[in-house]
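To start, the structure itself, in structure tokens.
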Amino acid sequence: MLNLPVDLIKRALEEDGAASDITTLSTVPEDQWSEATVVTRRDGVIAGLAVSAETFHTLDERITVELLAQDGAQVEAGAVLVRLKGPSRSLLSAERVALNFLGHLSGIATLTAQCVRAVQGTHTRILDTRKTTPGLRSLEKFAVQMGGGHNHRFGLNDGVLIKDNHIMAAGGVAQAVTAARRAAPHLLKIEVECETLAEVEQALEARADVVLLDNMDVETMRSAVALMRQRAPQVLIEASGNIGTNGARLAAVAETGVDFISLGALTHSAPNFDVSLEFA
Amino acid sequence: MLNLPVDLIKRALEEDGAASDITTLSTVPEDQWSEATVVTRRDGVIAGLAVSAETFHTLDERITVELLAQDGAQVEAGAVLVRLKGPSRSLLSAERVALNFLGHLSGIATLTAQCVRAVQGTHTRILDTRKTTPGLRSLEKFAVQMGGGHNHRFGLNDGVLIKDNHIMAAGGVAQAVTAARRAAPHLLKIEVECETLAEVEQALEARADVVLLDNMDVETMRSAVALMRQRAPQVLIEASGNIGTNGARLAAVAETGVDFISLGALTHSAPNFDVSLEFA
Amino acid sequence: MLNLPVDLIKRALEEDGAASDITTLSTVPEDQWSEATVVTRRDGVIAGLAVSAETFHTLDERITVELLAQDGAQVEAGAVLVRLKGPSRSLLSAERVALNFLGHLSGIATLTAQCVRAVQGTHTRILDTRKTTPGLRSLEKFAVQMGGGHNHRFGLNDGVLIKDNHIMAAGGVAQAVTAARRAAPHLLKIEVECETLAEVEQALEARADVVLLDNMDVETMRSAVALMRQRAPQVLIEASGNIGTNGARLAAVAETGVDFISLGALTHSAPNFDVSLEFA
Amino acid sequence: MLNLPVDLIKRALEEDGAASDITTLSTVPEDQWSEATVVTRRDGVIAGLAVSAETFHTLDERITVELLAQDGAQVEAGAVLVRLKGPSRSLLSAERVALNFLGHLSGIATLTAQCVRAVQGTHTRILDTRKTTPGLRSLEKFAVQMGGGHNHRFGLNDGVLIKDNHIMAAGGVAQAVTAARRAAPHLLKIEVECETLAEVEQALEARADVVLLDNMDVETMRSAVALMRQRAPQVLIEASGNIGTNGARLAAVAETGVDFISLGALTHSAPNFDVSLEFA
Amino acid sequence: MLNLPVDLIKRALEEDGAASDITTLSTVPEDQWSEATVVTRRDGVIAGLAVSAETFHTLDERITVELLAQDGAQVEAGAVLVRLKGPSRSLLSAERVALNFLGHLSGIATLTAQCVRAVQGTHTRILDTRKTTPGLRSLEKFAVQMGGGHNHRFGLNDGVLIKDNHIMAAGGVAQAVTAARRAAPHLLKIEVECETLAEVEQALEARADVVLLDNMDVETMRSAVALMRQRAPQVLIEASGNIGTNGARLAAVAETGVDFISLGALTHSAPNFDVSLEFA
Amino acid sequence: MLNLPVDLIKRALEEDGAASDITTLSTVPEDQWSEATVVTRRDGVIAGLAVSAETFHTLDERITVELLAQDGAQVEAGAVLVRLKGPSRSLLSAERVALNFLGHLSGIATLTAQCVRAVQGTHTRILDTRKTTPGLRSLEKFAVQMGGGHNHRFGLNDGVLIKDNHIMAAGGVAQAVTAARRAAPHLLKIEVECETLAEVEQALEARADVVLLDNMDVETMRSAVALMRQRAPQVLIEASGNIGTNGARLAAVAETGVDFISLGALTHSAPNFDVSLEFA
């Protein structure tokens, strides 16, 4: 199916030399088959089971993969996620790449889930950003979803987000919004980044659809939200800029009433989630 | 030049939609040129300047890039790393991808440098592993070098590392080493993974070139090193397995006298290094 | 630069066997240079000059290309668009592919410009659709812009357009809009396709951002526009569905007050625009 | 199988974002299956059923496709061409690309069939040219065959066609033909383009295998054919150059006795053939 | 330029790991520059200088390459073919791939030249076949030209060659030729493979354009040529089938009067031509 | 499976135009099926059966392939290697590419086997080199294995081999070995090329792991081996440099006691092995 990153999986297996695994080819008989399981070593939220399964299949289509959990599941340390059966050589040669996908994506899902829990009880959504690992954006944004987060725009071509340099170049907030409204496809909303209350007022006057509160302290955010809810209740509000993944801080930001908090750390600083392959 | 990951850079720009940056195309005049700088926001070791520069060039070859630092340099927060000049549109549209490379790789270099410093004064080298982000292995292993670390084998095809499953399949340590010696190219050494002192003894008897001490406590490691130095002083010793990046623990492991400590965390759990693009 | 379709150009030259032009290689001396011009044979709007120039460069970088017109220019029959100079062999071998691009894209721009003229004096914009030639969507949507048209969403991933099958599957208009609002990135508006006034009312109740009037006669469209302007003046209105490129019909639709008319014919049925290469 | 354009199909689905169809993913349940049919909306000749079926399969191999007609069939408006069954999401997400292929190719087949009918009763064959859409030549030439037309050379590397610029460069018709005969593979015939009777005579003297009558009026063509049939009856005759697809004009040209009429319009100006996907 | 096999060159450098030449990177300083020459070690005909030069450029565009000979030149042992200047590391890392191209192609050109010389004084041309190394056909056919040979058809899509299996399937020689004449583009001649004089007669009756005498002894060939020259002097004659590269045998075959001798050995069994890189 | 060169197979079929085999498409009915066998025409060792089978499958997955021999088998002229059944058109269109792979690789395996037999009774192994056909290294090195030979390093990135230019650049043998030991991954041995006994002594002093005796006469080799066995018995010894494939010479070199003889001719000068496809 198209939505599995088959080219990336092939490149990853090739960069690992998985088809020429000298150790395995020389020590494991060609006709030996094994059973193995993928097991977690800590608690967290899983993402990447399908891509992991496809990795084993890509190396050797004779491997059968039974998924015992689903992407998005909250699991505990020691949980068995996958049951595998196939030629021992192929299981050993594909192991590392498959686990690299699973550990990286589950790490993102797990961190996202922590942030989502921190704002539970508010209406605020946790969003990712475009601060992703080059070449892995689709997978990483999928992992954010699995952790309960939502996706911001995928790239520069499917959303309008006007920042200070755009405003300067256009000659002002109003001019920038007007120019974007004229040129952008009509299905796209216009978001404007603001660092001060004065800029928020300009964005509202320019009839922005969404306002991004950038690098504001919580107090200022609260004032901005109040101002906007009164003046233009239909305008959406996003908070961003070095907010970090600390739970208390996330809760405080959420309680200002913003609609979204976007966090680069979800995708660029999530530690790996520890999983291992165990042979029966 | 061949060693720049030009295909990856193109894929990364494409996944970001950098050639169709709606916001920029609609708000910034086509003929406007700007100057900008890439600036660090914390202390650390830099890696990825060349790939970052190539990212700007790939989007628009009219951008000129002046590097003010070199990959591998220790820098302080606020340091100016790069000076850029070119069409404003192109600078804005390439910014995120270029910084994603630089932040990710500098994060790895910075974490590696911390680990290297922790074992300073010993002869122990810090090594990476094959636990890398799919598709980015070359870059990440380069970043480890920039941080002062050394590279383990690149993939399954350029080194022999016999693990427990290989030993079981081959029918014993001796059989596995002999089989690998017969099949592997003659320029490759044979490394054997051991979890106990008994296994270390078997590896020595089988005439392994390198022994990997896996998941041992420091005390057992010390005994293993003593045993090996006495019995087979030419055999190299690597420590691995959930050692982590804690400085004190690294120092303790290094002081056992092992030749190498390999750390998955260098490449799979390094937090992003914060850099930003500032317009003049 | 990234936004030129270099891979497509290479594929097109390869499918034409341009590097092995037997006729030219056997009859034209290797060291002969020529000058040539690209000339129009009828009136119209030009698109594709840059891609055309890149085609010549891709085959032979020694060819110099001087553009005498710009994409988007209205030209008359006989106008000289491009002046070329280079090895005669390369000019002859690249000619057909270069003109195929230019003729196809200028055909689209010219037809678009006719449609735009037909609705002049109204505020209605002419839009393209996703009914494009496989593999050429970016170029064809660019040609629509050059003809004065605007682009609808580029693909299924950068806009939400709910059609009857989505409504049926979701269990009603309200449910479909709510589901889309929950899952879609917050920068995307929600458009709903309606075939009757009753459906328009449902779409308004469900708080759609945009309504598409599909296959309505002009009279019904007029009623729909009146209804919407009164009830929800901020909602945008698109007319679509077999409207065709007849000027009078386009004018009549535009006069109903719709914001957009989208036309598949712009990209799937525009006749080729005749251009030729003439040697000095 | 190799002759399906699998890479083009994948590119087309990717440019449509078919794997990330936000609307469908958010409104249609993952486990819903549907039946649907592809139906014609006007009379014509069909081409592209196999590529269309492969498009559905490429997006989701679980879709079953039953073809009720064959490429090359003459069909009436309302005919059911294909019966589909599969996950509703995948049917909806692949629909547009599949129909874009089918509509484009059937448009070419239909126009070709009209031209072929216009010359019925003569021995003249209708040929395509190299004036095709970049990247789609194989498919478009296949569609011409389905309409009853024949293919001219596929590219510059599988046929010799000497035009005026080649003649000038070579120093005359005789020199050009001799040079081509010497350099071209021995399985290729040599065709020479002529605009006047004098040039036809030169081509015969130079022993061309085929003569192309370019941009001649019908009267001159008739004289040229007479001259050639008398002097060199084995030489083949092709008419070309702005002949167009008007039936009466095609009949008049065919009646001059030429062996072939080649028409750029078949591939560069055929209007789309209207087909739609209907859900049961 | 398009006709250099840039993708193949990149693949070849990648399969050699030329960008990660551990030996060179660790022993040669980054800023050292060298001069070097490519020198022949035996007499022969050169082919592949341009592709060789491009190989150096692809690895490092700072390398300057001066060609002292041209493809197709007859050279003696010790001749200096190329003068190189550039970073020492890059010269060393690209050396093997560049020489692999040059040695392989010059081997083919040299063997071809020997065969051409063997038939000197006759009008017979030496042809290659489709028995080429997978992926290198263009280069190998170019090398045949450089040795003074001519190219047979490039592939199955640019020539018609009817063999015994085609004849059986079509129901006879006449039926096969007629079918091919109907379906093949009109610029292609029809060649028929014959093993006996009876089959030659059938081919003539079927009006084949070219006859291939397959696996005949010289005596039978002579009779076949006599028969054909008398009955159909315009029909071309090719000899093929295990003729080999022995000079006397080639001369004997040529003296039967055939127009072409095609030899698989030119491309599938030419020994490498010895060239080396010498540093100043 | 990953280790079949699917991309190369596709490229090879495309360069042969196998999907547009004009002759076959026009003379062989679409629904005709045939049986055929692949038969050897001389004695030798087979390599390439799997890649050959995959070639038929890639063109048409309906072809069934039964392998009657295994790669590495010694076969006699007339042996049936493969039994095929499938659409006649596809068998004919894939034939040439499939046989090109099989003939090329079996040629290498056969030549390798001859060299291996020549050194039988000694402990010397026959090795290949990096002198392979660009793009086919994996396959050619596999063929060497099938002939009983062993593989040298695959590329510049998986082994260290210090040659004279490296030594000069590093400032001496000792410096070069030290530099490589510092920079190379710890699983790689260090080999040093020596042309004289003096250089061998230096290499031993520098503690090289492997010594390559380059271009030495047999007498000098014998002295070198004696010297090394006495001084550093664990160091491996390779002989190389224009040794050729003459059996007597190979035996003489092996009898000096070297561990390895590496031969460029195995891969760059092996004549094709003759196989053919016969229809039932």
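Letters A, B, C, D, E and F mark the chains as written, and numbering starts fresh at 1 in each.
Definition applied: contacts are C-beta pairs under 8 Å (C-beta built on N, C-alpha and C of every residue); 3 or more make two chains touch, one makes a residue touch a chain.
All of these numbers come straight from a predicted model, not from anything done at the bench.
Colleague: Matching A-B on over half of contact pairs, by residue number: which of C-D, D-E or B-F?
Modeller: Duplicate interface of A-B: C-D.
Colleague: Farthest chain from chain F, going by mean C-alpha coordinates, please.
Modeller: C
Colleague: Quick check: more C-beta contact pairs in D-E or E-F?
Modeller: Counting C-beta pairs in contact, E-F comes out ahead.
Colleague: Between chain A and chain E, tell me the centre distance in angstrom, where each centre is the average of that chain's C-alpha atoms.
Modeller: The computed centroid separation for chain A versus chain E comes out at 53 Å.
Colleague: Roughly how many whole angstrom separate the Cα centroids of chain A and chain F?
Modeller: So the centroids are 46 Å from each other.
Colleague: Distance-wise, how many Å sit between the C-alpha centres of chain A and chain C, to the nearest whole number?
Modeller: So the centre of chain A lies 33 Å away from the centre of chain C.
Colleague: When you check chain B against every other chain, which residues touch at least two of them?
Modeller: Expected reply: 18, 20, 138, 154, 157-161, 185, 188.
Colleague: Going by the contact rule set out above, which residues of chain F touch chain B in the complex?
Modeller: 127, 150-154, 157-161, 185-189, 191, 209-210, 236, 238, 259-260
Colleague: Which chain B residues qualify as touching chain A in the complex?
Modeller: The contact residues of chain B facing chain A are 8-9, 11-12, 15-18, 20-29, 32, 34, 88, 92-93, 96-97, 99-101, 103-104, 107, 130-138, 154-163, 165-170, 175-176, 179-180, 182-185, 188, 264-265, 268-269, 271-272, 279.
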